[in-house]
Amino acid sequence: MFIITRMSARSMASKTPVGFIGLGNMGSPMAKNLLKNGYPVIATDVFPESRKELQELGAQVVDSPAEVAEKADRIITMLPSSPNVIEVYTGPNGILKKVKKGTLLIDSSTIDPAVSKEMAVAAEKMGAVFMDAPVSGGVGAASMAKLTFMVGGVEEEYNAAQELLTCMGANVVYCGQVGTGQAAKICNNMLLAIGMIGTAETMNLGIRLGLDPKLLAKILNMSSGRCWSSDTYNPVPGVMEGVPSANNYQGGFGTTLMAKDLGLAQNTATNTKTPIPLGSLAHQIYRVMCSRGYANKDFSSVFQFLREEEGQ
Amino acid sequence: MFIITRMSARSMASKTPVGFIGLGNMGSPMAKNLLKNGYPVIATDVFPESRKELQELGAQVVDSPAEVAEKADRIITMLPSSPNVIEVYTGPNGILKKVKKGTLLIDSSTIDPAVSKEMAVAAEKMGAVFMDAPVSGGVGAASMAKLTFMVGGVEEEYNAAQELLTCMGANVVYCGQVGTGQAAKICNNMLLAIGMIGTAETMNLGIRLGLDPKLLAKILNMSSGRCWSSDTYNPVPGVMEGVPSANNYQGGFGTTLMAKDLGLAQNTATNTKTPIPLGSLAHQIYRVMCSRGYANKDFSSVFQFLREEEGQ
Amino acid sequence: MFIITRMSARSMASKTPVGFIGLGNMGSPMAKNLLKNGYPVIATDVFPESRKELQELGAQVVDSPAEVAEKADRIITMLPSSPNVIEVYTGPNGILKKVKKGTLLIDSSTIDPAVSKEMAVAAEKMGAVFMDAPVSGGVGAASMAKLTFMVGGVEEEYNAAQELLTCMGANVVYCGQVGTGQAAKICNNMLLAIGMIGTAETMNLGIRLGLDPKLLAKILNMSSGRCWSSDTYNPVPGVMEGVPSANNYQGGFGTTLMAKDLGLAQNTATNTKTPIPLGSLAHQIYRVMCSRGYANKDFSSVFQFLREEEGQ
Amino acid sequence: MFIITRMSARSMASKTPVGFIGLGNMGSPMAKNLLKNGYPVIATDVFPESRKELQELGAQVVDSPAEVAEKADRIITMLPSSPNVIEVYTGPNGILKKVKKGTLLIDSSTIDPAVSKEMAVAAEKMGAVFMDAPVSGGVGAASMAKLTFMVGGVEEEYNAAQELLTCMGANVVYCGQVGTGQAAKICNNMLLAIGMIGTAETMNLGIRLGLDPKLLAKILNMSSGRCWSSDTYNPVPGVMEGVPSANNYQGGFGTTLMAKDLGLAQNTATNTKTPIPLGSLAHQIYRVMCSRGYANKDFSSVFQFLREEEGQ
């Protein structure tokens, strides 16, 4: 059920081309890792400048998703949001216009699992197979092939997907039927957001009550308040090194991105009639932060958002 | 700053009596552990039946806190809430009516740190020293002397307090000035409540989205969503063994008790003008649960509270 | 901008048929009012029994939305949710498969305004005009032609829509471009939900603090706490007569329906990146209530949900 | 039960002195209105400059609450918060040190009703009568004797209190036993805060969905979304005139004061185990606003806090 592997050596000779659509901050280093692993890559992107860099590294660049589908029977997509995915798969020049029977389609975008399911149905009608495989990890992890992929789709196709994904990531986790990759990512990020805001407000309260922040973090981390945000990514400046809070909340995972993922959590929860009181409030807090100047800071900056002293 | 010790053997002969006030579910086994460690105990409680059991084990039972104060110069109190503490220390038959100069007063109740500070000031006027030392761990930990004590008060008196507390607990942590023991406990339990509700709603959402609960727990626990409630005390029946969710939410830490601690967190946050959006909502959720039949279930039953299917 | 009218007498002779799709609890009395006003009605519904009653009253019943579109150039739809609307307009037997150029399409369903906009675009491609006109008021108001319609769409077509809507409602309000009718309804119901929960928890708090509920309602209603839920639909039994709280929360506007509307508010807010902290929490509260046995009670039963005493 | 009166003419000759303690922004104009109505006033305040102005207007100024109590058998107090009230009544130079039997004590401060009850008990021990009578209305209303008083205390003493309060206010409402005046004020302001934030987020959502704000306000105000904040004090600039939103949120009722009152609501709710989910979240939102630069703006500025566009 839980398969984590790392690619071993392969010979260039045996490799058939892989299509790659979406050469942004994440997609570009991912496609490069396919090249490094000896896969011929057929790529496209709406922005010509994004295509150019990959072309210079040896990828064949074409004009549309449909053309990619004509030339490759394994295609990876990495796009910003649901509407882009719908366009790239089902639009007038979309993959499904030209897809060959038996093609394996892997979408690494983070989108609503309901859209993943729709794409899977549409792909199946054309005789193709669609899997969702969103990633955990940022641009750095993408460059170093250290991403984690959470994969949903037909189990028989999982091995084929895994072969490609291990070129780009350190962990590949099979989650179940199509859409469950998205579900796993959304769930993790929702709990992460709750833990982060909870840690921020708890640390702030403790400091105001006279506790030393490092000592408080130690106590929490040896107790039942422990969480990833308290022990690995503490939001209070001075408590840990090498985390965004030690660097004025630069880098890391931006508040805007967290707000986007919480929006997906909210939508899926609403659509499945699932109450998520804390996830919902976390969403609202990150939404307000985006409009108060925190959009591009790391999401641990919620500590800063909550702590400032009242003026006088 | 962070001292954890365990009592070694002591000889009965050298031990002066220790006062103990509050012989309830927690106080009674704590006092017994003092007896086991060879301390003569002078005890009292408002309920005669609570006194009797301890008397049979060799404690000297007296009628009021004031009498305890006449006979012991180290006194431990373990009481349900702030008003009880105020009464026991400053009431007409309270400790401070008869306390001897130099007496060490250790309060293990979980109360508002502002009350701890008031008691410390009142004790100091009488020449006594007050420390707050609330515990983490339930009745089982109290019986097995496995409690964790979080101690606030004058640092010079910490060693003397520690000598007694190590008879009743496995960990003793010095937190800083008086009130910081309470602060540490309140902060931990607030973050615990947030993590628990967050885990419950995340697991519920994941299940509705088609994920296997055990698999989802595994994914969270290897990712940034990890927290004590997901990896040690998972609220979903069937995910872990030996936790309240595996036993119909019997035992553990009751919803009422969590609601009480969150009320303390809320009060201290309000009084220090600290925003605690998630802590505050967690408080409200446990408050509603208390009135909907969950008062005596373990606090992880929030999973059950949130998950039931809509009728029809 | 704000036009409210009431139909005067018309002669049967001059009237061309009106299509009506969706003969449920609301649609059926609405269609009957068209008949009463002398309009020939061409109707359909997925449930044969719903069709039968209207047929007996003189309506012509056909098999599909496409057939309605063939026979009427003014069509009203009244459906449960967005997917039904999408199916009825754009499905294989949908209206747009057979719609005549110049047809006026009025959708009185309560759905996501983004779907209304999509339907308007699709209708325009076929040379038809789509307007959204959701209603305020329940089954009783529908029977008595006392509904309020909030209408969005091209202003030039508003008069034509108004002619029909005044047969079924007492108020018709033009809100702006297509989708704004839905927006107005969603906004109103979100603020209504917030006011209702706020009134319920305020009344409950006041009662616990020793205030007589009738007196508290009076004070609120003469002060700045006043709102529709406090002065017109008070949720506390015994404060007002003729409201659901006086009748064990029977009748009125069900919790499930409020949860649905709040889900729409949540979705539109997420999609427009608008923070709605209280609306979002209100949504979660009604969602939990649905799963705790309140699904079919009036939404003012939130007072009952919040007030029950803790057991002992 | 609901008695509202206005003072008629009285002759100076028959009037015995009234004590007044707390000559701040509110207390000073209130005391002046007693002077205007012909009452000799015995006043004090911790700030000498506050005393001076009243002295020049004819009041007798003394040094402590105890001295006021020696010279007047009707005393009004108007103080910032609970600790001040406790000090002024029960401190070393407090009223109760010198209070005469039968004295009527009226506290117009806004404080925790539990403290009002404590003061009433303490006063009763000295043979005096304590009533709570917090006000609604700001500095302007205080100057023009247009305040509303909500009065709690023994019903037999209500007439005597009313005689004085009608010199300073336009409405006097008897609420019940001691503490219920505070309860009524706290309840009203909590529902007001909920309605205001709800109106702000609803208006913001509607505007983002394409509705004209004036039209949306009209629709809400003729529908079930109507509340005081939507129809009398709309937070959206341009919708109404003569309200703080029309004047850059200057004047009105400051965010800090609302946060204080919500803190009282939170404390009383926690102490009575009453769930107040929306009131609690409203409290947190105003708390965060205080630390983000909104402390001194009118509380309707929550619209501005929530609406700003995301940067980019």
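Think of it as A, B, C and D in the order they're written, each chain with its own count starting at 1.
Keep in mind that, in the parts below, a contact is a pair of C-beta atoms (placed from the backbone, for glycine too) under 8 Å apart; a residue touches a chain by one contact, two chains touch by 3 or more.
Protein names from UniProt, one per chain: A, B, C, D = 3-hydroxyisobutyrate dehydrogenase.
Quick caveat: nothing in here was measured; it's all calculated off a predicted structure.
Enquirer: Quick one: which of A-C, A-B or B-C reuses the C-D interface, over half of the residue-numbered contact pairs in common?
Expert: The same interface as C-D is formed by A-B.
Enquirer: Report same or different for the subunit A and subunit B interface, where same means the shared residue numbers exceed half of all residue numbers found there.
Expert: Same: most residue numbers at the subunit A-subunit B interface appear in both copies.
Enquirer: Tell me which of A-D and B-D has more C-beta pairs in contact.
Expert: B-D
Enquirer: Averaged over CA atoms, how far is the centre of subunit A from the centre of subunit D? Could you give it in whole Å?
Expert: Here the centre of subunit D sits 51 Å away from the centre of subunit A.
Enquirer: Once you find the CA centre of subunit B and the CA centre of subunit D, what distance in Å lies between them?
Expert: 38
Enquirer: Note the residues in subunit B that touch 2 or more other chains, in rising order.
Expert: Counting only residues that touch two or more other chains, subunit B contributes 273-277, 281, 285, 288, 290-291, 306, 310.
Enquirer: How are the chains arranged in terms of who touches whom: line, ring, star, complete or other?
Expert: complete
Enquirer: What does subunit C use to touch subunit A in their complex?
Expert: 259, 263, 266-267, 270-271, 273-277, 280-281, 283-285, 287-288, 290-291
Enquirer: Can you tell me which positions in subunit A touch subunit D when the two form their complex?
Expert: By the definition above, subunit A touches subunit D via 256, 281, 288, 290-293, 295-296, 305-311.
Enquirer: Please name which positions on subunit B make contact with subunit A in the complex.
Expert: 1-2, 113, 136, 148, 150, 171, 173, 175-177, 179-180, 183-184, 186-192, 194-195, 197-199, 201-206, 208-212, 215-216, 218-220, 222-230, 232-233, 265, 268-269, 272-279, 281-282, 285, 306, 310
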